[in-house]
């Protein structure tokens, strides 16, 4: 025999799973949402996505290479995932430097300081976004999108953007309610229409279309990249709480459908809360995690200062994940008996 | 306005006093009486918490030492005689001198001598390989070169894997003889031996218990248990058991007769001046010195 | 209809049952045979022959030594040329009886006719004694002496027998072929074991990817109504004893318990065939069915192989080591052992010789754990491999490892198989498990 035999402990096969393939799948799943964003907001959205991805990749590369002396910096596309998610969480009118600052914060502070992929406590994209929200509140809540020179209309296509500009529905509701108006006065056509869920959701560039987000999520489910537990429990909790509150006082509290389809809840539930690193590992923990996010989102929306709250609630629940991992054990095979 | 400030200050002061009293009471109730000498001893220890003495850290060692007062069995290999003398003085006891020890690696199976027969492709841990099979070479006793000893060493590079020979090597200047590496080696290749005068020591650098022929097929520098060394030793320091020779360092006087006699050059003499006869000079560079020597004795095998 | 399977964990490796349509062939006898004395779990057998003795096929050449042990019979006729240590497949030295094969002369009491003897005359005690004397061990992989399993410890009562025809390991097809070619013998073997255990219910668990075997077994349903064929959903490690009991009778073996605690006794279909041959035809366990397979091989075969021929000889029978072949595995790709020494002899419980290419088997570079929890989802015992490996890696945290029930690990390899970061979870956990089990055993019992 010419070749030396390879010897290793069993098993001798490996599944096709790899960190690279999983991360790639997440990016693929986000393509519909990105496409819708670019379609509606034009090249500016594309620019924001590209700037975020490039900055994230570059930041990770530089830190891994020169600070951590890693042999293989950028071994997987996880910074790109962070970049895409961060960009999708920006308002359409955000200037390019916002994306740069957010990306650097996300990767450098929220991820690499903890030791890189797998070691961070908080979802990097959300840390980036919340940093921006707190530091640049005006720019980050400026939903008005004015057409720029980079719009596709130059190429003869693209929608009428002004139809979607203005404050988000949640912000409108919050301000209106604070001003003493009732919901039926604020939304004379009803607070929720299906057509708004499909395509016309104002807000961040990634929140435009619930359908696009759902398509991507179904892809992730089909590829067994994520499990349905976390998003499902978040959505059910939000639906339950808002259902109860709006049933009690439909004029002061927004309803379930309105809450599910606004404020980036789907984007957060499908793609941010399911982030492997910062979510619990066992089903039991995932259920608690999801319920916690749902409850906190609704508390912020109904009683808090911010109109939204998905980012904050996920970050808050991220803190609990180590505890959940410690105390929520999977179902064991067989009860223990004393056999001695 | 003033009332508010006074109120606040008064509240905080009251709270502070309240907690101070509670803390004081708790501290009194749970006070642990400790022999003050433990602290004294601990302060004199190197504080590496290496576990080389067999205790869980320096504190545990100090506790044991103070409790038993037995300087004979409690010895800090890191601090050595110097630290132990200071401790003995602090405790008002007679100090016990111990011969300093050093780890030696009893294997020279570099790829040129001990041919690799297969490729290991699993978790890089000697323990795992040892549990799985005989290892990448034909020798099932030799150094696996995956560095369980290296990660066990708390003295920055006391043990390392030689990149050329793929065999563990000890840096005698860094090694303090704590024995962590010897305990970590699943094959018992690393042994703690007396440092010897001027760091000069002689040992059999092989632990292969297979019969001579089997050993010979696996490795050209492995002990074949021929017993020539035992016969030539004037001090009866060498015994051959299970087809492998062993030199008792308490008896060995370092005459190096065995080194010259060994047909496979498995006996290593470290830090000696060169002898007239050809011999392996130093274990740390086995590739260099024996290169000339093994050539003639490889012929009878072929 | 929804097929049964076990509830917790499991993975779905690619089937690769390449040799499922290859009928069983007899492998030619070797010239020199090496019979290992460590054929089974437990104490190695003690040789009863010496150099120069002439032996016949079926003659006892080694006695069981100790309670968990089994005797060994000569699979060949010829002369004993040596009783000496030889390297086994892992390169460890094990005592072997070396036989120079001359002719093929069997002991006269062995019935070599192909007739099927259906009448079971032996009493339960006689059956157990015959199985013990035939040196039968579990052919599912662990090679646990069968007669011990057929005598439940005092206070435990067997309620049913489950035949393991799942063959959940990819590539292996020997059990499939046995079920198709020796259907009635297996069912008879099961009936014999049920008589020995005094139970009236029997099951054969077969995974759905073997429809021909299921059909063959079902065609005898009228003749053997007490044995139910249970088709199972394909999922690894269904063939694990605990998983199979969960799949078939929905009972779970308690942690630290034995399968008998659920009232079930599990035997492999190959063992059933061996039991039939031993009890009805006086043939001791001297051969078994071995699949020689691999995608890089020009042909794949199922051989009836006498114990003690070498792996390299089996490889020669399918055309030798292919150029791309990089790893030889005795057994399946999930739990089989990598072969270091192809000149090592096959054992009673050798079920397959698998050849993998470097591309198929080479481990990929390890990266950071991304805490996806896939290992915990895949673990059929409901453990948390990521946690166990972390504790094991730190070293010395045996109390925590025990709390996390590392001793429940069945070493199926699902965690390592599924890990996207290619962390060698099982490699790390295995020694820790051994250590914890050792510590637990050394503890005085209450």
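Before moving on, here are some points about what is shown:
Letters are used for the chains, namely A, B and C, taken in the order the chains are written, and counting of residues starts over at 1 for each.
Definition applied: a contact is a pair of C-beta atoms (placed from the backbone, for glycine too) under 8 Å apart; a residue touches a chain by one contact, two chains touch by 3 or more.
Note that this is a predicted model, so its numbers are computed, not measured.
For chain pairs B-C and A-C, the one joined by more C-beta pairs in contact is A-C. Geometrically, the chain at the heart of the complex, using CA-atom means, is C. With centres defined as mean CA coordinates, chain B is found 52 Å away from chain A. Each chain gets a centre from the mean of its Cα atoms; for chain B and chain C, those two points are 42 Å apart.
Centre-to-centre, using mean CA coordinates, chain A is 48 Å away from chain C.
Looking at chain C, residues 338, 340, 361-363, 424, 427, 430 sit in touch with two or more other chains.
Residue positions of chain B touching 2 or more other chains: 117-118, 121-123, 128, 132-133. Residue positions 5-9 of chain A each touch two or more of the other chains. Those residues of chain C that touch chain B in the shared complex are 87, 90-93, 338, 340, 361-363, 424, 427-428, 430-431, 434. Those residues of chain B that touch chain A in the complex are listed here as 116-123, 128, 132-133, 136. Interface residues of chain C, counted against chain A in their complex, comprise 8, 11, 13, 170, 242, 246, 252-258, 261, 321, 325-329, 333-340, 342, 354, 356, 358, 360-365, 367-374, 376-377, 379-384, 386, 405, 408, 411-413, 416-422, 424, 426-427, 430, 445-446. Those residues of chain A that touch chain C in the shared complex are 1, 3, 5-15, 17-19, 21-22, 72, 75-76, 78, 115-119, 227, 276-277, 280-282, 325, 329-340. On chain A, the positions that touch chain B within their shared complex are 4-9.
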